[in-house]
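Dropping the structures in below, format is structure tokens.
Paired with chain B in one complex and with chain C in the other, chain A is shared by the two complexes that follow.
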Partner chain A sequence: MTSSSSRYLPLRALGELSETRYWMYLLLLPSLVMILLVIAYPTLYGMAISFRDMRLTRPGLDGWVGFKHYAGMWSDPVFWIALKNTVVWVTAAIVLELALGLLAATALNRDLPGTKIFAVLILLPYFLPNVVAGHMWALLLDPRLGVINDLLVRVGVLETYKAWFADPNTALAATVLVEAWHGFPFFALLLLAGLKSIPEDLYRAAAVDGAGVSAQLRLITLPMLKTVIAAAVILRVIGLVNSPDLLLILTGGGPGDATQVLSLYAFQTAYKEFNFGYASALSVVMFVILMIFAAAYIRLSRITKGEGDD
Partner chain B sequence: MIESKRRRRTVANIATYFVLAGLSMFCIGPMIWMLLTSLKYEADIVTQTMQYIPRRVTFDNYVAIWTQSGFPRLIGNSITVTFLTVTICVATGTLAAYAFSRFAFRGRTQLMLGYLVVRMFPAVMMIIPLYVVMRGVGLVDSRFGLALAYTSFLLPLFVWMLKGFFDSAPRELESAARIDGSTRLGAMVRIVMPLARNGLVASSVFIAIAAWNEFLFALMLTTGQGSRTWPVGLQLMVGEFQLPWGVLAAGGILSILPVVVLFAIVQRTMVQGLTAGAIKG
Partner chain C sequence: MQLNKRQFLMGSAALAMAGRVGGARAANAISYWHHFTSQSEMTSLMKIIGSFQAANAGVAVTQENIPNSEYMAKVSSAVLTGGRPDTAMVIAERFADLTAMEGLIDLTERVNGWQGKANFPENRWTGLSSNGAIYAVPAFAFVDWMYYRADYFEEAGLAGPPTKFDEFLGACRKLTDPSKGRYAFGMRAGAGGFKYVIDVMEAFGSPIVKDGQPAIDRAAAVEAITFYSDLFLKEKVVPPSAPNDSYRQIMEGFRTGQTAMVWHHTGSLNEISAAMKQGNQFSTAPMPAGPKAHVARVAYAGNGIMKEDNIEAAWQWVSFWGQTDAALTLLEGTGYFPASAAALQDQRITGNPIYNAAVETLKFGRLPNNFVGAAGWSENVVNPAFQSVLTGQSTPEQAVDRMIQGLEAALR
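Right after this comes the complex of A and B.
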């Protein structure tokens, strides 16, 4: 009896506290503390590291070096290769994923009987871990026992089995394929939701006016989907630029530097060489480039949207 | 005229099924192949002529990954880290999502935007300072430390997703409870939480899957058996022991099993939560 009433007392006090005008700030406090602790502080600290020499292998080395790392990047050939590869890799993956996503979303949106199960199957890859996705595709494309090689030889496209990830000419394309498999469901998901929000009446009215399938796609679907596409593309670009996981598992940046991208280069500089200063500088530069791109992209997509409204 | 229209529709329907079947095959074909590989003897995997349907089936690979490596230990660590991550996110994020959804206050827009922008921070940019800071306070190679690190990118995501679910829970019942003398706290716990229960479960599952799958933070922040999660462990096994394909495939199947099951259960609500933000924005 006494224990239950003593337990109730703090609850009642909390209930009364919830009536004050500071209640919402109290609700926000725990998550804000967490975010300041695990995001804001480390971020600022990381930016500071990029102006310092910090190598865990040489503990004595720990001084401020100003812009040394940033200047070093300018004359680092790997940085420029990684930058170029990042642009090529992200662009190729986005184009492929958008095309596949649009195809999937249009097909699913027709709501034919039985398509619900297809929707579940098509979404599944997005939720699978990179480690498993990477090794699964490494097995499929293996130069000795890969089933894709076997199929391509049987069909007659290939003469012999090909080492997709070891050939500098095909390595980047092969990783784009794996990334597209992993990422296109995300586009399918968002585009399908976008398609569902377009009123049926628009299509009916267009059909009455004699607009064919392609005209409907050009005049109704794509303009109505513009916002969703813009949002999906920017989210996916951020995701692709920031995560080196799949490339780390599939190629480690090789052969040579054929699949080296900025995020992977930064990670390996920290993880393999323990050169935290240079790695931090690389990731800061990557972040700044991404921010500039995001700002420009959002402004551009707003402008075109504005023209569409007129 | 009508006849040709009907014919055209039939053709379109067939084409639709064709596209859907092709895309589904592209999506789950690799997984089926991995499952088949995991059930083959190693001699049947490394053959001159490819075996599409295994001639004999074995569970040796599953036995091997479970008994001859530290796999159970890795899975145990992953379960702990996932559980801790979800606990931290639910405990702190639910309150924040509720505040964002129900109250107008100064700085609300800026704060919500802030929660969105931190998602843009590159993982690499976070990993390095987190490693240095956590080494300083003894949280490297700790399951709790890794869960804290996961919070850095999963908490903002959780708050945004859950806010959407709170937004779609009707306010009328809440107002009625308030008129009947319930405190704000009482209304939140007794009325809104039960209404948004499915959303809370779906958001939690989404966070859980992401924490379970995560590789990069875990690779950097775990150094020993004590805290290593399965993605890192599996990756290191491939590198160090030249893991046979069949055993690797078995490990892959085992580790995606919980993901597939959870996804199948809550996919509808989860999809709704994932798309809500992008459609409105």
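Right after this comes the complex of A and C.
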């Protein structure tokens, strides 16, 4: 009897614990441990590495170097090119994605016949992994076999096939278009949800007061979507700044450094040169930039301000 | 169905136990990482695994293919985090980095006691050795050569493939006809293009590294970059897409008839042979010689052991790759040139004239540059520096200066 009861003691103890208010903390514990292990520890470890010399191919180099890597960025021309390209790439992609997403969401919100099929079709690009989308567009824009080049030549826009990714004047723009195609459904989806929550009465009242389509967009739609837009923009900016995969497939940062961005530069520094110290410093800079952007954007868009504060 | 708390806890415990049981591996199961991805490569690999397992009862090989571009990222992460495979494919260009990060186990003693060693001449081991220690068993070789369109050469009245750079330039001029959308040379200046930039620099007399120190001869390197980039900028004998053209693009260009010549290695023979006829449509030739040196790479690839847990079974596996049968299975399936001298005597090689250029190249071919940081410098510095010349963003002098600075930083 004694041995039997002692064998089941842990389960019994758990059972008893589940009747108390501490059960909630126990249920939260796995998530907390996972967050600490998968997010907090790597982030802090990555930050710590940025202050050390850490090259996998130089096991002897493993010392504390303070701000050496950060100071090195000032005289690293590729860093500045990558920073500039990151700003251009992210800004252009976000503007295009937001515009296309708003257009798509507005059209889908009309509940016309066939909109459900269109909704699925519009969302398709977002379901494609970046790798698949990248290879698909590399083929579509291929200077030898690309369908898009063929179409543009047939309608007279181009005289001959164009090597979009081989020309520094068009490479970044071409990658932005690919990214916009891939990412706009994200905005369409969120904005459509936002549009559905705007009461129809507001539009009817505005129409009675003589407000046209553009006035309704400016005075009702956009203000009502402010929170959704802000959240979507922040999430998308974080995603774009941190994801080098599309550029890695389409251009590898080239030609030259024409499409080099910070995330790709950090990736190449870590996994081609095995210079984890400098790569971590680049990542920390990206992290800080994103934090500043998110804080400034939330502040400027005033989405945390209560309705009654005005 | 609803679970009460006791059932939930019991179920969780059972799942955890099942996970432990399922996660256990057989004692002689070894893992193998490689970067074979094509159908022909995978079919050949599965045949080799099948033969190995038939000959070594009780040893099971679990293969994992990793895309070539991500291979070093995964391997270096595995070294860093302790998640190493038992065995892994090692190519010459990555050997220095892999040994520098202490990713491979010294196999010298085992190799010296292995009867198969005699099948491999000394130079096969050189590219897979460091400080006198051997870290991998050679399996196959990538021999650089040139593919050319025999029919285009005949049409242009050219007697044969160029043997020197000046002949190469002359042939390029004759073979280019923009009105037909035809260019002479499929230059690779996108991913992986650094390889040929470095070759041309050495062919113009500029070494890269000597005794572990940067040794680029600026004047010779500038001359080399000027010659090579002029093919695109001045002579216009290269497709306009060259700055972004990688393996896939240069092969498509050659296969679709856009280009008449392309530099690559023996590994692409099967792919090209599947698209056009050997002899009538295309043939092979050794790389043309530069003004100061005749440069073509012979890169031996092999297999190494990354951890000691199952070292006996791992050694059986990596040494199996060095046997003639395995080499011939790979040759048959993929066209990959054997590293073993014994396998080179096979009739499939000696009786096929298309391989003459590779056999010829073995006599003068060089091993790839083998220094720590070579891969990072080549990909992150040489490639963008050369691309920036092609796109008019910098001059050959500026590009060479960037390469020199990058090399100094890589070796520091």
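We take it that the second predicted complex is superposed on the first by the 286 of 310 C-alpha atoms of A that agree within 3 Å, B and C clash if a C-alpha of one lies under 4 Å from a C-alpha of the other, contacts with A are read in each partner's own complex, and residues count from 1 in each chain.
Please note the rule applied: a contact is a pair of C-beta atoms (placed from the backbone, for glycine too) under 8 Å apart; a residue touches a chain by one contact, two chains touch by 3 or more.
Since we're looking at a predicted model, the values are computed, not measured.
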Fit or clash between chain C and chain B when superposed on chain A: clash
Partner contacting more residues of chain A (chain B vs chain C): B
First, second, both or neither for A:Asp245, with chain B first and chain C second: first
Touching partner for A:Gly254 - first (chain B), second (chain C), both, neither: second
Partner chain in contact with A:Leu145 - chain B first, chain C second, else both or neither: both
Which superposed partner A:Leu83 touches (first chain B, second chain C, both, neither): neither
Partner chain in contact with A:Phe274 - chain B first, chain C second, else both or neither: second
Chain B versus chain C as contact partner of A:Leu172, first or second or both or neither: neither
Which of chain B and chain C A:Leu14 touches, first, second, both or neither: both
Touched partner set for A:Ala93, first chain B, second chain C, both or neither: neither
Chain B and chain C contact sites that coincide on chain A, given as residue numbers: 14-15, 18, 144-145, 248, 267, 270-271, 276
Chain B - residues contacting chain A, complex: 12-13, 16-17, 19-21, 23-24, 26-28, 30-31, 33-34, 37, 45-47, 50, 52, 88, 91-93, 95-96, 98-99, 102-103, 105, 111, 115, 118-133, 148-149, 151-152, 155-156, 159, 183-186, 188, 209, 212-213, 215-216, 219-220, 231, 234-235, 238, 245, 248-249, 252, 255-256, 259-260, 263-264, 267, 271, 274-275, 278-279, 281
Chain C residues touching chain A - in the complex, by the definition given at the top: 5-6, 9-10, 69, 72-73, 76, 79-80, 96-97, 100-102, 189-191, 239-245, 249, 252-253, 256, 258, 372-373, 375-377, 379-380, 383-385, 387-388, 390-391, 393-394, 410
For the chain A and chain B complex, residues of the former touching the latter: 14-19, 23-25, 27-28, 30-35, 37-39, 41-43, 45-46, 49, 54, 100, 103-104, 107-108, 110, 112, 115, 118, 120-125, 127-132, 135-137, 139-140, 144-145, 147, 150, 181, 185, 189-190, 192-194, 197, 227-228, 231-232, 235, 238, 241-245, 248-249, 263, 266-267, 270-271, 276, 279-280, 282-284, 286-287, 290-291, 294
Parts of chain A lying in touch with chain C, wherever the complex brings them together: 11, 14-15, 18, 56-59, 142-145, 163, 165-168, 171, 248, 251-258, 260, 267-276
